[in-house]
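Have a look at this one.
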């Protein structure tokens, strides 16, 4: 009975190892375009996983998560472009700004619940979008900020590793995303992450048990923004520009769909959802103009046949197999 | 589990192998990206079609080499547009790009294109493409905002306007147009300048504000669905009886006229295309386009797509199809002169468009539909670099 | 003085259009707890059908009826065959209704192309009236009157009829309503159809002002959300006041802070929610 | 010192007076039953005691400490636990995880972001021991939404006592249970350590009279009787309410 989860852990570790090895080998197989696509998939995977902390674990569906992605991207982009800050300064500054924005928005948004929370996060993110769009002297308005430089990593001992090439940048992103993902996993399996699941299931009970629910939600809100901001910073370095689209509600909706499509509350699910949507958007459109239609049909089909998301289907299948297995052993 | 990983690695390998760059000999690949979905698809789709039309005329063969057009949808979003441009360049290995009309997408593309040294004939009216973001590989076959706004402002001045309003999109092309109007009329003579967002549905508050303090006329710098909408509401609020509109750039483009109310008769603009111009080249262009588009008239966007393609074809002919020699192609393109529906067009020393403009007035055609009356020709208009650096 | 009156009328007429849209959104949420993201598509498709009918028949009334009833049918189909399976499951609902938003938006593009369409005004209201030196389009006055009439009708439907009583009972407690022998599943379809009907009505009636164009579904959905959230989800009164509030905020925002368009709608929305977490007239 | 002192507590909802000037006291270790017809304000009283609703007036003392203004979670940390009238578990978590959450609330590591949950062996052991102790080990790995209604009520009770509260509020713990389940749950309540003060809302008079040391009767938001079992049995006003209500 007790060994079973451990076996599962071993399998998961094995899978993760294979995945990481495969990812490490990727630049030797893929052309620069597909490598770029892989970078994009990783960045959006992190973005979606950060939202999963809210949606899947704490049960707080946010429709304004792009705000933190965008605020961080603008901060990093502006500091790199205007003040020439290097990655070691500009990137943490972007993440910090995302955290501060989330702390401020969280104070307002956490007064609401459910659909109202969905909507107030939307409204707040649109306010942030309005600032990015309207404050032309700082943000460049509609056209955004082009020509953000791809950084060089200035390591100790005067080593400098230019990230201009796509392979070098790929490895940079791979390392960054891996570290961020490990941290997220750690958070999710910590007592804190466990308490978030409790809050998702029943806030009233958590209060009655003595949990300071607001504090947990607030920290989760800020943490989710930190990881979203980190993804946004990577994205600005990858694309080398920022525009108000980064924090538009359409992007928030997109990342929420990634989470649901892959399976909320599983962490791996949203990453899969992100990969699927990025792939679909880029591959279908090469063949047909009707990619919106196809994406829409995919959403409807997943909702109908995998209401708990793509990974949800897999988990249910495995659970049913284990049950059958146990039954067979018993008989 | 082990089996799975081996298969996965094999699959990855196969995927990689199939993605090696193809030997570039046979067809000339041209990447054509426009917004094909969303609000700006109303310009993006027909402009792409007009590009195709130009290549159809030569049966997709130039200097003995087949032309292959590869289409992508930018969705009018800069990051999507950039990713799609990368797909065209790095996946499809296109020889050149003939793309886009959205300024934010253009701004995001420019550094990438310059860095990867891919010739790009841009149909984005972004002044910076031949200024701050200038590159030998970027050509702009569309007037810059300064270029078209200057023609419009001068034409307005000629009408005897003294005091004017300016209303335009909260976006760079309209902002830059406002700079021009301010310069020509003097800041004190612009009663008010208003910048509603792209896609604003209700212009009533702005119109009522103008109504409260009339001026000689209104300069309007918004396009797509927003142009007929403001004209509709301008007429609704009776402003058509008080202040005429002078549309900047493609404000009265033919495809937008079908959605304008009858009161649009008399609305002026000054731009590079006039659908009713009686030249054999224009007749051919219009007839062909109408035949393929359910009898719809082509407008200025389609004209520019069509002509940009013709410029490319001419330059390719000049270098005998050897598009792999980028420097030769760029050189040929910068020197090419093509006689098209509106007369001759070429590129200036910064790779900006040089072409004929016409003063246009909306009128009722013989069939009862609205059309543009081709007024005064303003020949070979150049981008005013010196005046607006 | 007349200037302010006109500006207020502008805001109110726009607000009435928003009310048509938001009333359905709010009713559907109140009864089924579904945030229907396809609502913008109902508006768009209604508008397109209206334009098509008015082009062939020339009748505005016919166009309104055709658009609204056709979309009501679409609404019933969506509710019966799709949404019903996900009662109270927020996340699959979001995925499903968003999927339909994409599908309808692209289908509309296939059928009607990408050109913006403007709905011609009915001949009766195709003129302007003079109000203290200003011209004012009579169609906008008609919209205000029509919106108020719809509000009154919905009010009567909700407060004065048996169906309304059943809906209120189901909103309060679905279990109890079922136990009382109320056919809740039929009510769901009815209310969803009514919501779709109202949105499509908004599309046709709004056609002459706002226009019908690719992307209108998304624009309008966003504004609809703001309205129902300010007013309070599930409240008819909230949809009316929310619609008027957003219409006026938008209008005077454009007058006083033309640079900040939309900002003047979203910032107050966030503040209202922070002050009253379930909207002005909503209750948790 | 009294375990709980309620003085003059009122609560209104938009003009409706759900509780008016209720005062009562519970002594340490007391089994204190709260009865009254539907709408008497019993659950409202619990909600005011636990802080789910703020009191419109009056004060609540827990072992002499004024807790009237404290948020619910702080009251819980001071040793005030409750069960819910409508069972309120964590439906998609297993029963074991439900108990773990309850134990973790009192654990100092609760807010740790980085420690691994499963590595917290003592809490884990205590959770298992608790389930063993109450004969629920068999359902430990089932999710809370899978188990039977009777089991849910038992788990509800275990969550409330997991953190060893000083005062326990039970809101109709046996409502809707079968006869056999009632016996089991009442048995559980009897087994609870004597030092825990228990306030319990109950409809079933037989059960109430059997368990109670003291009974408080509420009617229409007012306290109308307070005393030991015999006193309440013989109170004419109480009899009238119950007969009248029937």
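A few comments on the model shown:
Letters A, B, C and D mark the chains as written, and numbering starts fresh at 1 in each.
The definition used in the following text is that a residue touches a chain if its C-beta (ideal position, glycine included) is under 8 Å from a C-beta of that chain, and two chains touch if they have at least 3 such contacts.
Bear in mind that the values here come from a model prediction, so they are computed numbers and not experimental data.
Set against the Cα centre of chain D, the chain with the most distant centre is B.
Measuring from the average of all protein CA coordinates, the nearest chain centre is that of A. Averaging C-alpha coordinates per chain places the centre of chain A 41 Å away from that of chain D. Computed centre separation for the pair chain C/chain D is 46 angstrom, with centres defined by C-alpha atoms. Mean C-alpha position of chain B lies 35 Å from that of chain C. Here the CA centre of chain A is 33 Å from the CA centre of chain C.
Residue positions of chain B with contacts to 2 or more other chains are 37, 170, 197. Residue positions 134, 292 of chain A each touch two or more of the other chains. Listed for chain D are no residues, as none touches two or more other chains.
In summary, the structure contains touching chain pairs A-B, A-C, A-D, B-C. Remark: chain A residues 11, 14-15, 18, 22, 25-26, 28-34, 36-37, 40, 133-134, 136, 141-144, 146-147, 235, 239-241, 243, 245-246, 281-282, 285-286, 289, 291-292 touch chain B in the complex. Residues 37-39, 41-42, 44-45, 170, 194-197, 199-202, 204-206, 208-209, 211-212, 224-225, 228-229, 232-233, 236-239, 241, 255, 258-259, 261 of chain B are the ones that touch chain C when the two sit in their complex. Residues 3, 6-7, 10-11, 13-14, 106, 109, 113-118, 128, 130, 134-137, 139-140, 208-211, 213-216, 219, 250-252, 254-255, 258-259, 261-262 of chain C are the ones that touch chain B when the two sit in their complex. Of all residues in chain A, only 186-187, 189-195, 197-198, 201-202, 204-213, 215-216, 219, 223 touch chain D in the complex they form.
Looking at the complex, you find that chain C touches chain A at residues 29, 33, 35, 82, 85-86, 89-96, 98-107, 109-110, 218, 222, 225-226, 229, 233, 259-260, 262-263, 266-267, 269-271, 273-274, 277-279, 282, 284.
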